[in-house]
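In the two assemblies presented below, chain A is common to both, partnered first by chain B and then by chain C.
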Partner chain A sequence: MADLGRAALVVSLGLAVYALVVGWFAARSGRRRLADSARNALIACFGSTLVAAAVLATALARHDFSFVYVASHTSRTLPTIYALSAFWGGQEGSLLLWLLVLTGYGALAVALNRRLLRDLTAWVVPVFGGIATFFAFVLVAVASPFDTQTAPVDGLGLTPSLQNPYMVAHPPMLYLGYVGLSVPFAFAVGAMLSGNTDERWIVATRRWTLAAWMFLGFGQLLGAHWAYTEVGWGGYYAWDPVENAALMPWLAATAFLHSVMIQERKGMLKVWNMVLVALAFELSVFGTFLTRSGVVNSIHSFAKSPIGGWFLAFVVISSLFSLTVILWRLPLLKARTKLESALSREAAFLYNNLLLVALCLTVLWGVLFPIVTQLVKGETRTMGRPYYDFFLRSFGLPLLLLMGIGPLIAWRRTSVRAILRLLVWPIAVSVVAGAVLLAAGAGTSTPGLIAYTFSAFVLGTIGVELVKGTRATGSLATLIARNRRRYGGYVVHASIVLLAIGIAGSSAYQTTRELKLLPGQTASVAGYRLHFGGVDRIRNDPNRTGQYAVLNVSGRWQGTMRTGQVTYTGFQETDEDVGIKTDWLRAQDLYVIANFQKHSNAVFFKVLVKPLVNLIWVAGIVFVIGSLIALWPDAREQRRLVTRLAPARA
Partner chain B sequence: MARSSRSPARLVIALAVAGVLAVFLVYTALAGTSTPQLKPSQLATKANAGSLEVVGTVVGPLRGDSHSASGLRFGLHDIGAKSIVVPVVYHGDSPPALFAVGRHVVVSGTYANGRVAGTSILTKCPSKYTASTTKTY
Partner chain C sequence: MTAVWIVLGAVLAVVAVVLVALPFLREPVTADDRLDTPGEGALRRLELVEQRDRALAALKELEFDHRTGKVGDDDYRALVFPLRQAAAAALKALDEQDG
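On to the complex of A and B.
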């Protein structure tokens, strides 16, 4: 069976090379039948990769340990769902998933646009072919999931903390996002190579970009929630290079999603958009280089492997190629119109873009800093949390404010007086919110207070827009249905506000105490009284050993919670089983970690009270709802775009 | 030409770039501090190194506890190599449950007189498939 997988990958490589070479020749020479043949090769490449994926999935499901990959990542006792999730748990499998999604996306995007954008798709095919060639080559020559061995009795298994539903969903979500960014990249490069740099490539890929961005954003939140509930350190984001690797392309894609609206509407920012789409794509590949090469130290223990060098080479070559094409096509990327005023909606979008890109590059600088200092000074130096937090506040808070102002102000030009007239209600809401929060004691954190006041302002602007729109159309549902993109965007903005409130609340207003308690003792933390009832040891369980501390809680919440440390049979690792009690009225968590002493009955409890932390997870759901509203097919919008873009196609 | 030189787009971009640079300058002037990150083998050549992070593998035995005056005591050697072992004395909150002999950790603190005085321990997160034996990937 492994032979079938290997053969399928070789066929995929051949078809990808064909799509690249023949597609390029066909596009250059204008040979339509040859271009159709290259497109069919890309579609067939998806088919052969699907065969390879089916072989690996079957081997995982059947616990076929003659596959080195299966033996290294699963065991007989592993439930089938986790055995299947090992597909993307290891390096070779995740590369195969990458190629599968890439060729699937590519084949579908090209097939859907083959008639409307024939001139453009002829150039898009070789770009997809080029990317697929790289991944297929790595899978065939460097990191094959189909290496075989004499089958051992059992496999090595899966770390218990990864046997979690969040870790089943988190990696494929990220891959759907990373790989999805190759669609706008391929169409953008295709547009430049074909010389047709009008807005059609943006219209063709808007939903692809939005979907990739949604997957990437939601995937990160799933990972954050796993870290929060499973790892047991009390946080959800550590500004680690591996985490930042997913954040950077998401920030670049966020900037791109906003700036394409300016290009669609005003024909401006064409060069900027090309740079952004290339940046988002390159950062998504760079993320894999970071996680796999071991060039930077991370708290995440990913495997070091030789594919890091290949990825670096690919990032360098594809970046130089993109830059060359952009410079070559600069004359075709001139703006149709000019920015007329620094006080206009397009200017607000530009400010938003600059802040997002500045934040993205700041994070990139923090990630690269250890490498740069090693090269320049011969000593590795790292940027810690204060660096990232400082720039998150410096760029994030103005971004939050712009999120409220931008959508309300007029295109072309407006005045300060007109803006103030529009914003009178949101300003009033934020001033009242600020005063109430100050009175409630939120002034202990200035950034937190600013974040809350700005959040109230943005929610105020969204509320005003919804009320005005609903009055005009008669119902909220009609309003949203008539302009899904705009109102889906507002829902996403609301989710970002919830995220900001959750982050500000759980970091700026968090209470942390470490208590040493003997059985029968009681302590109070932030309105909760914790009575240590005793230790409950795990007995007669062949799969695990360990103990739990039983806490009887009163005060803000009444009940019993258990928090302990568990060691699973066959694994050396001891896991925290964190005690978490959620107060949904305050969206607040009581979060307790127990640390048992070897020669004493005393237990050290780390107690965290995290106000509003659950708004972060609620924000994830609202984010997906908003993205889906904006993604949903909209016939009215399609007609508008067709009418507007008709002269460009003529 | 005269009109294009007064384009607000250029002004906006110039102001934005200047603003970003200003924020960078403020940060580096007031708060910007990076921390050296060293392996145990790199510490061997230094007498004192001030504040730092040490990345290594935990070497036993683990003695004491982090809340006592004598602290939690253990050693660190380079990840993936049997280098010189640097002694660590850690004071502070209880270390994470994942902390154990053989674990990869990042210890923050200071280095003086051949010893790391740790104030925080980050245990590497198991974001990978690991073996039930000591084999690593």
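On to the complex of A and C.
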């Protein structure tokens, strides 16, 4: 069966090279049948990659240990769902998933636009072909998932921390996001190569970009929840390089989604948008490089291998190529209008863009810093949490404020008087919220208080927008249906507010206590009384050893909690199986980590009471709802676009 | 068993080749093999359509912002005329283009 997988990958590589070389030649020389042939090659490339993926999935499901990959990442006792999730648990499988999603997206995007945007898709095909060539080459020549061996009796198993439902969904979600950013990139570069830098590439890729951005954002929240429940250090985001690797392209894509509206409305920022699209794509490849190369230390770097050099070369070459094309087409990307006022919606978007990109580049510098210090000084130095927290506050809080002010400002220009009139209610809401929070003792953290007050302000502005809009149109449903993109965006803004409240609450107002308890002893933390009942050891389980501390909790919540440390057979690492009790009424978590002593009955407990942390997970759901509203196809808009784009084919 | 997989791999390659060659198999000879690229006129028209749509969308937005109080009466009066002019100019140019 491995032979079929190998053959399928070789066919994919051949088709990708054909799409690149012949597609380029066809687009340059303007040959229709050759361009169609290159497009078919890209579609066929998806088909052959699908065959390769099916071979690997079958081998995983059947525990076929003659595949080195299957033996390295699964075992006979591994449940089928986790055996299948091992597809993206290892390096070779992850790269195959990249290629599968890339060719799938490429084939679909090109096939859907083949009639309306024939001239543009002719140039998009070689761009997709180029990216696919790289991944197919790595899979064929450097890291094949189809290497075989004499089958051992059993496999090594899947890293225990990956045996988690979130790990079934989180990586594919991230890949759908990472790889999805290649669609706007391919169309943007294709538009520049063709010399027609009109707005058709934006129209063709708007929903693709939104979908990729949604997957990337939601994927990160799934990962955060995995870290919170599985890694067991008490947090959900550690500014780990691999976590940052997903955040950076998301920030760049967020900036693009805002700035592209200025191009659509005013024909401005064409160069900036090209730069953002290229940046988002390059950062997504860079993210894969970080995760897969092991060049920086990360709890998420599940693989260390020599593919890092190939990835780095690809990032450098594709970045230089993008930059060269942008510089080459600069004369075509000149804006025909200019900013009319510093107090306008487009100006607000511009400020938002500057803050988002500044935050993105600051995070990038933090990620690169260990590599740079290693190269320059010969020693690795890392940027710690204070660095990231400082810049998150410095750029994040003004962004939050802008999120409230921006929607109230009209396009082109607004008078100060009009803005102040609209801001009365949101300011009143935020002042009252701030006063109430101060009275409730929230003044212990200034950034926390500012975040809460700004959040109340943003929610106030969303409320004002909805009320005034509903009055103007007659009903909320009509209002949303008329402009799904805008009101979907407001729902997304509301999710960011929930996220901000959750982050501020769970970090600035968290209670942390470290306790050493003997069986029978009791301690109190933030209204919870914890009685240490004793230790429960895991017995007669061939797959794992370890122990749990049993805590009888009273006070704000009554019940029994188990928190322990588990070691899985065949693996060195010890997993924290933390105790978490969610109180939805108070919107807070009681989170307990146990640390057992070798020669003592005493157990060290780290007890965390995390207010509002669950709003972060709720924010994820609201984020998806808002994104879907903005994504939802609008029949009227579609008809308008068809009539608008049709003449270009003449 | 290995031979079966190799044969299947070969079949996959053949299918891929046929798919890639399909445009030429369907049309072995063609009078016009030029890619459907927009000409000067079509590109100019597209530009005008974009200008028209931009101006009309801006007008629609301005009306809505005026009704919801984001734009005051003075600003509305100052902004609406140039936008109407831009929309009218684009429409006129489009009419001229379409003959």
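Heads up, the rule we're going with is that the second predicted complex is superposed on the first by the 624 of 650 C-alpha atoms of A that agree within 3 Å, B and C clash if a C-alpha of one lies under 4 Å from a C-alpha of the other, contacts with A are read in each partner's own complex, and residues count from 1 in each chain.
As a working rule, contacts are C-beta pairs under 8 Å (C-beta built on N, C-alpha and C of every residue); 3 or more make two chains touch, one makes a residue touch a chain.
Just so it is clear, the model here is predicted, and its values are computed rather than measured.
Asks: Aligned on chain A, chain B and chain C: do they clash or fit?
Replies: fit
Asks: Which of the two partners, first being chain B and second being chain C, lies in contact with A:110: first, second, both, or neither?
Replies: It touches nothing on chain B or chain C.
Asks: For A:386, decide between first (touching chain B), second (touching chain C), both and neither.
Replies: Only chain B is touched by A:386; chain C is not.
Asks: Once the two structures are placed together by chain A, how many degrees is the angle at chain A between chain B and chain C, based on Cα centres and rounded to a multiple of 10?
Replies: Approximately 140 degrees at the chain A centre.
Asks: Which of the two partners, first being chain B and second being chain C, lies in contact with A:26: first, second, both, or neither?
Replies: Second partner only.
Asks: So, does A:159 touch the first partner chain B, the second partner chain C, both, or neither?
Replies: Touch status of A:159: first partner only.
Asks: By the touch definition at the top of the document, which applies to A:122: first (chain B), second (chain C), both, or neither?
Replies: A:122 contacts chain C only, not chain B.
Asks: Using the touch definition from the top, say if A:401 reaches chain B (first), chain C (second), both or neither.
Replies: A:401 contacts neither chain B nor chain C.
Asks: In the superposed model, how near does chain B get to chain C, counting Cα atoms only, in Å?
Replies: Superposed on chain A, the two chains' closest C-alpha atoms are separated by 18 Å.
Asks: Overlap the chain B and chain C contact sets on chain A and report the shared residues.
Replies: Shared contact residues on chain A: none.
Asks: Would you pull the chain C residues touching chain A in the complex into a rising list?
Replies: Touching chain A: residues 2, 5-6, 8-10, 12-13, 15-16, 19-24, 27, 30, 32-39, 41-43, 45-47, 49-50, 53-54, 57-58, 61-62, 64-65, 67-72, 74-75, 79 of chain C.
Asks: Which residues of chain A touch chain C in their complex?
Replies: These residues of chain A touch chain C: 1-4, 6-8, 11, 14-15, 18, 26-27, 30-37, 40-41, 43-44, 47-48, 51, 118-119, 122, 194, 196, 198-200, 264-267, 408-415, 417-418, 421-422, 465, 468-469, 471-472, 640, 644-645, 647-650.
Asks: In the complex, go through chain B and note every residue touching chain A.
Replies: My answer: residues 7-9, 11-13, 16-17, 20, 23, 27, 31-38, 53, 55, 65, 67, 93-98, 100, 102, 104, 106, 122-137.
Asks: Using the touch definition from the top, list the residues of chain A that touch chain B in their complex.
Replies: Those in contact with chain B are residues 72-73, 75, 86, 89-90, 156-159, 161-162, 227, 231-233, 238, 242, 297-303, 338-342, 347, 350-351, 354, 358, 369-370, 373, 379-384, 386-387, 390-391, 394-395, 514, 516, 565, 570-576, 593, 595, 597, 604, 606.
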